[in-house]
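The following block contains the structure, expressed as C-alpha cells.
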Amino acid sequence: MKPRESCGLFGIFGDEEAAVKTFFGLYALQHRGQESAGIAVADGAGALSGHKGMGLVSDVFTPAALGRLRGDRAIGHVRYSTTGSSTLLNAQPLVVRYAGGRIAVAHSGNLVNGSEIRRAYEARGSIFQTTTDSEVIVHLLADPAMGTLEEALPRALCRVRGAYALVILTPDRLIVARDPMGIRPLSLGRVNGSLVVASESTAFDLVGARTVRDVAPGEAVVIDEGGLHSIPLVPGGEAKPAHCIFEHIYFARPDSRIFGDNVHAVRSKLGQRLARDAPAEADVVISVPDSGNSAALGFSQASGIPLDVGFVRNHYVGRTFIQPAQTMRDASVKVKLNVIEEVVKGKRVVVVDDSMIRGTTSRSRVKALREAGAREIHLRISSPPHKHPCFLGIDFPTRTELIASKKSTDEIAAFLGIESLAYQTVEGLLSAVSGPPDHYCTACFTGEYPVHVDGELDKRAMER
Amino acid sequence: MKPRESCGLFGIFGDEEAAVKTFFGLYALQHRGQESAGIAVADGAGALSGHKGMGLVSDVFTPAALGRLRGDRAIGHVRYSTTGSSTLLNAQPLVVRYAGGRIAVAHSGNLVNGSEIRRAYEARGSIFQTTTDSEVIVHLLADPAMGTLEEALPRALCRVRGAYALVILTPDRLIVARDPMGIRPLSLGRVNGSLVVASESTAFDLVGARTVRDVAPGEAVVIDEGGLHSIPLVPGGEAKPAHCIFEHIYFARPDSRIFGDNVHAVRSKLGQRLARDAPAEADVVISVPDSGNSAALGFSQASGIPLDVGFVRNHYVGRTFIQPAQTMRDASVKVKLNVIEEVVKGKRVVVVDDSMIRGTTSRSRVKALREAGAREIHLRISSPPHKHPCFLGIDFPTRTELIASKKSTDEIAAFLGIESLAYQTVEGLLSAVSGPPDHYCTACFTGEYPVHVDGELDKRAMER
Amino acid sequence: MKPRESCGLFGIFGDEEAAVKTFFGLYALQHRGQESAGIAVADGAGALSGHKGMGLVSDVFTPAALGRLRGDRAIGHVRYSTTGSSTLLNAQPLVVRYAGGRIAVAHSGNLVNGSEIRRAYEARGSIFQTTTDSEVIVHLLADPAMGTLEEALPRALCRVRGAYALVILTPDRLIVARDPMGIRPLSLGRVNGSLVVASESTAFDLVGARTVRDVAPGEAVVIDEGGLHSIPLVPGGEAKPAHCIFEHIYFARPDSRIFGDNVHAVRSKLGQRLARDAPAEADVVISVPDSGNSAALGFSQASGIPLDVGFVRNHYVGRTFIQPAQTMRDASVKVKLNVIEEVVKGKRVVVVDDSMIRGTTSRSRVKALREAGAREIHLRISSPPHKHPCFLGIDFPTRTELIASKKSTDEIAAFLGIESLAYQTVEGLLSAVSGPPDHYCTACFTGEYPVHVDGELDKRAMER
Amino acid sequence: MKPRESCGLFGIFGDEEAAVKTFFGLYALQHRGQESAGIAVADGAGALSGHKGMGLVSDVFTPAALGRLRGDRAIGHVRYSTTGSSTLLNAQPLVVRYAGGRIAVAHSGNLVNGSEIRRAYEARGSIFQTTTDSEVIVHLLADPAMGTLEEALPRALCRVRGAYALVILTPDRLIVARDPMGIRPLSLGRVNGSLVVASESTAFDLVGARTVRDVAPGEAVVIDEGGLHSIPLVPGGEAKPAHCIFEHIYFARPDSRIFGDNVHAVRSKLGQRLARDAPAEADVVISVPDSGNSAALGFSQASGIPLDVGFVRNHYVGRTFIQPAQTMRDASVKVKLNVIEEVVKGKRVVVVDDSMIRGTTSRSRVKALREAGAREIHLRISSPPHKHPCFLGIDFPTRTELIASKKSTDEIAAFLGIESLAYQTVEGLLSAVSGPPDHYCTACFTGEYPVHVDGELDKRAMER
C-alpha cells in the first residue's frame, strides 16, 4: 500500500463561476486526498458559506450542491487525514465565526507543535471541535493579541512549526500562505482576470489558467478587489527551503510542475540514473503502473533494454471492496494489477517501482510475475530505502513497519525472492531535481528532519 | 402549521445498553424535534464519542451506528432548530475537547442573551463553529475563570438568561441542569440500578423506568459512580417558576407527566372549562386530531354533546412531499386530514382545536367541513388567543403572522366564515393545571415575559 | 400484529396532471400497501411507460421521478404482497409488450387458481418473471385465442377464480374490472372532466373528485376518448356478491365509503351492538388506536360509560427498527402505544379493539394496562373470533397461529389474564352493514368461502 | 467518445464460494459493461435466485447482498446496453420460471433477428417484459416444441442469427454456448476442481483459474455434477469463424487472451506494422492512454523514435459529472487526459490512438497538444478507417456520425489541423492476429457483414 498524501488546496478570486472552477480544481487534485472534499464561497457582499462531505469531489458536489454555492471567490480542499481521524467534522474548509467575522480555512501539511499550541489555548478556555491542525491555526488567527487578520498572519504563523500550505477566505479577501521551508507545494496562477492558487499546476490546466509563480516559502499573499500584495511571514525573510522530495517521487501528478520542475521529467531522470548506477542484464523493463511509469521509461532509455507492458491496471477498483474469500488470498493484489504472461514468460525482467514501504505488496507482485513464468526478476526502486517516518504531512506507517528500517537490501531481496534489488542513492535522487541538494527534505530516507521533532512524534496526538 | 418545539433530551448512567436505551428514549421524544438526532456515549474508561445526523432517530441510528456506541453512560438529543439554521454542524450533542478533557453537551430551550455572551467570548479570541446556544454554554463551562466543572456550573449558568434544560456527559459524570424558572420540563427517573433523565416522562415508560422527581428549577444534578448530588445554580435558591404552559397545550405528549400534571388530564380539563365558558348549541363535537383529542373529549363530557370522529389523519405523511399541482390547491391540507362526510353532513358541529396560529390552516379545515355539508361550525380553541412571540424555545412565527395579534375574535370568525368562535380565557387555562397561576409562563398570550427581553429579539441573532 | 392488505389501486383518464393526481391517489391509499409503489402513464400518442420502487409512495416518487411521467392517463398501485415475495420485480403496475402493443396492469386481491393457470401457460411455453397473479392475468389477456383486448376481458377473466380488482392501461384506453363477487372494493369517480377509479373513496377526496358509483361486481369498464362503456364479465350477469367484511372491520380508512357504507359509521355501529350484546360494568371505555377508535366511540355511546384516551400512539414509528435489547422485551409494543396511567389507574376499563389475530400483542397491551394500575380489564372485540385463513387477498397467518382457532373465548381470557372477554357475533357484524347478510364474505370467521378452495391453499404457491 | 461493448459474462460450477468468485470475475470484466451487474446462484438443492442492480459491480454487490447468494454454482453479467435501454428491468441474468422449472440466462452480443422472433412469439400470445435479446432466447428455450433443455439448445439457437455468448444456470446445470461464428469471445477454465467460464481470460487470472480452451464456435457445453459434455449447435459442425477484430483493437483487456492471441501482443504488432507502413519523422511517440499504450509501444520499437508520456490520465473521473461551465468548454476533455507540456513542447510528435470514431475528441486532444507547444502532430490510428455500424454487439454511432464514412483521410487531417494522419490497412490489421484473415469480422471497416442484415438495422428495434 502506497503512503497517502495530506491534502490538496485550490482557491480563486474574482470569477463568476468560482465554485465550479474550484470543483474542477479539486477534481484535478483528487489524487491528493479521497476521503473528504469541501468548498467555501463568498460573494463579496458579506455572505460566506460552505459545503463539505465524505468521499470524492464528484460524489460530494452534486450539481444541486454546487449550484447553491454562489459568489465570485472560493476555496476548496480535498483531504486524506494525516492528523485527525476521518470524520465529517474534520473535513475542510473549516468555516467559523470570530470577532473579525466569518472566516474559512483549509490547510495542507502537518504541524509538529499543533498539540502544544492547542493545549495552550485550552488552558485559556478555548474549546476544540475537530482534531485538525487547521483548527489550531484558526485559534491563533482569532487571538485578539494578534491584531487584525493581516497583522495576525505573521504573528500567528511564527508560532507554528512544521509544514503548511494555507488558503483562507474571508468575505472580502483570499489569503494564501506557505511555511518558511516551502515543504508543501503551492502555486499562483491566472485565468482571464482572476487569480487562482493550487497545490499543483495540473489544477490550473483543467481550469484554463496559466501558472504565474510559486507562493514563496515564508510568504503570505493577500488577494482582494485591489489586487494582491505579499506579506513576509518570517522577519529575516525566507528560511532555507526543504521541499518534500517525496512529492516528486510519488505524490504529485506527472503533469504538474512543482518546486520548479516537471514531475514526469524528474521521475524519468530518476529511472535513467538508476539504470546507470544499478544496471541489470535483462530482456525487458516493465513498470509498476502508474507511479512507476516515468521511471521505467527512463530506465529503458538509459539501459537500452526494451520497455514493455507487464502489468495491467483495473480502472474500476471501487472504494467499498469485498474482502476476498480465504481461498483467494492473492485476489486483493490482482484486483488492482494483473500480469500479461506473454510479456514476461521466460524473460529476465527489470521491474521499476517508485518506492517500497512495507514490502508486502512487492512480494505479491513478485509472486504473480513468477507464476506468469518470469525467469529472473530485477527490482529497481527509483527512490532510496525508506527508513524514517514523516511528521510533515505524509502518512507513512511507523518505523517498525518500514521494511528498509529493519532489513538490509540483500535481506529484502531474499524476502522478496528475486534475483536482484537496487535502490536509488540519495545523491542520485537529488541529481534529478534542479534545485540545490540542500533545498529538499529527504528525511524519510536520511532521518535528517528540517524541523526539531521531539522523539517519535505521535501522529494521533491531536485526537487526545 | 403548528409551532415547533425546541428539543428533546435524554440521559442515562450505569446501564450496559446505555446507547440502546437512549435510542428508545429519543424515539419516545421524537415529537419534540424531527430535524436531527444525536447520541454521545462514554465507557467510564476515558472514551467519549458520539454520532449524529439529520432526520428521524430511526433514520440516523441504524443498528450498525448504534452498535458502535459502546459504554454505560450516554446522552441524546432530538432537535428542531429554534436558534441556528438546520445543518448537521448544529446537531447535538456537541462533543468537544477543552482543558478539562472531553465533554458532550445537549441543550433544550433558548437563551435570550446567547448572542451577547458569544460576542464577549469572540472579543477574547474564541471561535464559534455552530449557531447554537449550546456552544455558548460550552464556552462558559470551559472558561478557566470558572474553575472546575462543578464550580463552573453555577458560575457559568448564572451568566445565561433564558430557558435551558441541559444534559452534559464527561468521561466520568452525567450532569443535568434546569434554568431557575424551570421553563422547560426535565425529570429524573430510575430503571433497575440506573439513573435516567428525560424531557418528558413518556421516555421513561418506553425504557421501563419509573419517574423519581423533576429536576428542580435552578438545580444541577451530578451523577457519577458514587451516586448523585445536587448543586444549586442560584445563590438564593430557586426563582419563582415560569413553566411553559404551551407544553401542556400542545407540545408534550398526552401520556407524559410534566410540571406535576398529566398532559392529557390538563387538556381534558381545558375542554371541560371551555364547554362551560363558551357553550355552543350543536349536534356533535369533533376534534382536530391528534392535538385536539383530549380537549374535544373534555368538551363533549362537560357539554353533553356527543363526540364523533370528524377528521381522519393520514399516518403516512412523508417528509419529502410533492408540491401539489395548481389545480389541487387544497390537497396539502387534505393530505393530512380528511373529513368524514357522514359525521358532519347537515349537522351543527363543534370543532375543538388546541390553538390557532396563522389561521390559514383553520380556514382550509372549515372549507373542507362546509364542502362535506356541515350546517353550522362552532370553533372552540382550548387556549387563549395567541398574540406574542416566544423567546424561550418555541418557534412561533413573528407577531405580524399571528392572526390574533391583528384581528379580534369576531374578525377571525368572519375570516374563517364560521358561526361562532371562542377561545379559552387565561384564567380558564390556568385553572386546568395544579400549580399556582403565577408559576407558569403565559407570555405568548399575555406578553408578560418572565425574563427581560430587549425589544423584539431577533430569533436568528446567533447566525450573524 | 395486524393482518396486512393486498393492495390499493388508482387510475385516471383525461387529466393533464395524470401522474401527479395518481401520486396523491396512492398517497391516500398508502394504508393498503407500504412495500412498493408504482405508476404507469400514457400520453395518448402511443407512449406508455412506468416507474416503480420499494417503499412508500413519497419515497418512490421524488419530484424528479414524477416529472418524467408525462401523459393524460395513468394507473397506480401500492402493494403489500399477498402472493409473491416482496421484491422490486413483483412491484406493479406490470408493464409489458405483447402482440397488441404495450399494456400496464395492476391488481388488488388474490386468485385461488393462479398457480393452476400459470402451469397451463408454462406447459405451452410461456415464461414467468414475477410471482404475482397480475402476470397470470396478463398472459390470459395476451392469449391470441382470446381475441381483441375487449373480447379477451370476459373470456380471460372467466378463467380466473378469486378476488380481483384490476386497472389496466393501454396507449389509448383505461380499463377497470372487478370480480363477479365484488370481493375487493373499487369505485368510479369524476373530477372536472376526468374519470377516476380507486380502491377507496378517500382517494377521490384527496384529488377533489366526487364518487360516481362502484364498479359493479362482474363488470369491466372501458374508458377512452369517446367516454366509457361497460362490459359484463359473466354471461348470466352479476354473481351473488361476497364483499370482504374485513375491509369494514379493519382495512379501509374510516373516511371511505365502500360497498355502500361509510366505514366509520359501520365501525361505530359494531361498537354500539357489542355494548348491547356484551355489556360490562366499568368506569371507562378506551380504544386501541387507531383501528379501534370508531367502535370504542360506539361502545361508549351505547353503554353510557365515558370514553377516554387510554393509549397514545407514537406517530414516528419508523420502518427500519432496532430490535430492542434483551432487557427491554416490552419496548417493541410500547414503541407503538403507551398507556396514560392517569386514565386507567384504579379503574374498571373496557378496552375496545377491532380484531384479535395471534393474541400476543393483546397480551402485551393487557400487561401494560395492569402495570399502569387498571383494576379490571374487559376486552371487547368488534368482530367475531378469527378462525380461518383468507385466500382472497388478506394476509392472515396460518390457522395454527390464529388464537381463536385453538382456544375458546374463556381460554383466551385466561391466556390474556383479563376479567372478561367478548367478541361480536356474526349476526351482530352483519347487522352493521346495509347490504343483505349473504352479500358479504365472512369466511375468516365462519370458514364458508364464497369460492371453491382446494384444501388449505398454499399462500406461496406462485413462488415455486 | 469510445464505442461501448455489449457485455461481460462469467460462470462457475462446483465452488463453495461461487458468488464471491463470480463477483471477482465480473470485477475483472467491468470494462465490458458499467451500467448494470447481476449474479444468479443455485445450490444444487433446487434453489435458484439472483441479485442485480444499476451501476458498477462493487456498487451493486455490497458484502450483505453477496452474502445472501448461497450456492456452489453461479453466473454473472455486466452490461452496457446494445439493445434495450438502460433500466433495471433489462439488467441480467434474467431469472424466470417456465415449464422446466427455474432458469437464469445471461447473454453477450446482439441478434439481428431478435425482433422478428419476438414478434412471432407475441403472435402466439407471449408477453415481453424487457427489451433484451436474452428474453427472446429464453422464450425459444421454453418453447415446448423444442423438447428438453438439451434438445432445445440446438433447436432454439438455430433460430437466432447474430452474435451470442450465453451462460445459462438451472438448479442442476451450468450451460454455456457460443454462436457458430464465434463472434464474441468465451473461454473455459478450471480452478481447483471447479469449471469456470468467462468472456475474457483476465477473469480467470483474478480468481486463480487457468484457461482450458475457448468454447468452440457453434458449441454448447453442459456442466453438471457428472462433468461436462459438448453439444454441437449446428448440424454440419462449426461455421466459418468471424471473430470480432474490434475486441483486439479496443475492447478486450490487454492482459486477456482471446481468439488465440494475447491482446497486448496484437496491439503491439499493430503499432509496429503501422510504423513500417506509415512512418513519420518525429522526435517522440506518445500514446492516447490507456487503449493506445500497446500500439504506441510497438510504433516506438519499430520506428526507433523514443516513446514518452505525453498524456496523463485522471483516475478519478466519476460517473455523475458536472457539465462544465460555458467558459470552460475544454474541461470535459482535459478532465480525462492532461498534456505534459515538457514532453511535447517544440517537438514533432507522433500520437498513437487505437481508433477514431467521430473525430471530435481527437480534435480536442490536438488542440491541447498545440497549446502545450507541439511543433508537428502526426496522428497514427492502429485500426483502419471506421465506416460502418456494427449489428453484432458493439455500440458504434450511426453511419452519419462516423467521420471516416464522410471524409477522406486528407479531409480528416485538415479537420483535425495536423501535419499528417495515417490509418492501419485492413491487411495490416489482419497480419497482427494469428488466425486466417477470413476468420475475423472486419465489417466496421469493410462493410462486409458475416450475417445477412436487412438494410440499416434499427438498433432500438426491440424497444418498440
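As written, the chain order gives the labels A, B, C and D, with residue 1 at the start of each chain.
Keep this in mind: a residue touches a chain if its C-beta (ideal position, glycine included) is under 8 Å from a C-beta of that chain, and two chains touch if they have at least 3 such contacts.
On a predicted model such as this, the values are computed, not experimentally measured, just so you know.
Enquirer: Going chain by chain, each one touching the next, work out the least steps from subunit B to subunit D.
Expert: Counted as steps through touching chains, the separation is 2.
Enquirer: Roughly how far is subunit A from subunit D, centre to centre by C-alpha average, rounded to an integer in Å?
Expert: Taking the mean C-alpha position of each chain, the two centres sit 37 Å apart.
Enquirer: If you average the CA atoms of subunit A and of subunit B, how far apart do the two points sit, in angstrom?
Expert: Using C-alpha averages as centres, the distance is 49 Å.
Enquirer: Express in whole angstrom the distance between the two chain centres, defined as the mean CA positions of subunit A and subunit C.
Expert: 61
Enquirer: Subunit B: which residues touch two or more other chains?
Expert: Residues of subunit B never touch two or more of the other chains.
Enquirer: Which chain pairs here would you call touching?
Expert: Chains touch in the following pairs: A-B, A-D, B-C, C-D.
Enquirer: Which of the residues in subunit D end up touching subunit A in this complex?
Expert: So the residues of subunit D touching subunit A come out as 17, 20-21, 23-24, 27-28, 30-31, 34, 56-59, 61-63, 66, 192, 202, 205-208, 253-255, 257, 262, 264-265, 268, 290, 293-294, 297, 301, 306-309, 312-316, 318-325, 327-328, 330-331, 334-335, 338-343.
Enquirer: Taking the complex as given, what residues does subunit D use to touch subunit C?
Expert: Its residues touching subunit C are 88, 94-99, 119, 122-129, 138-139, 142-145, 464.
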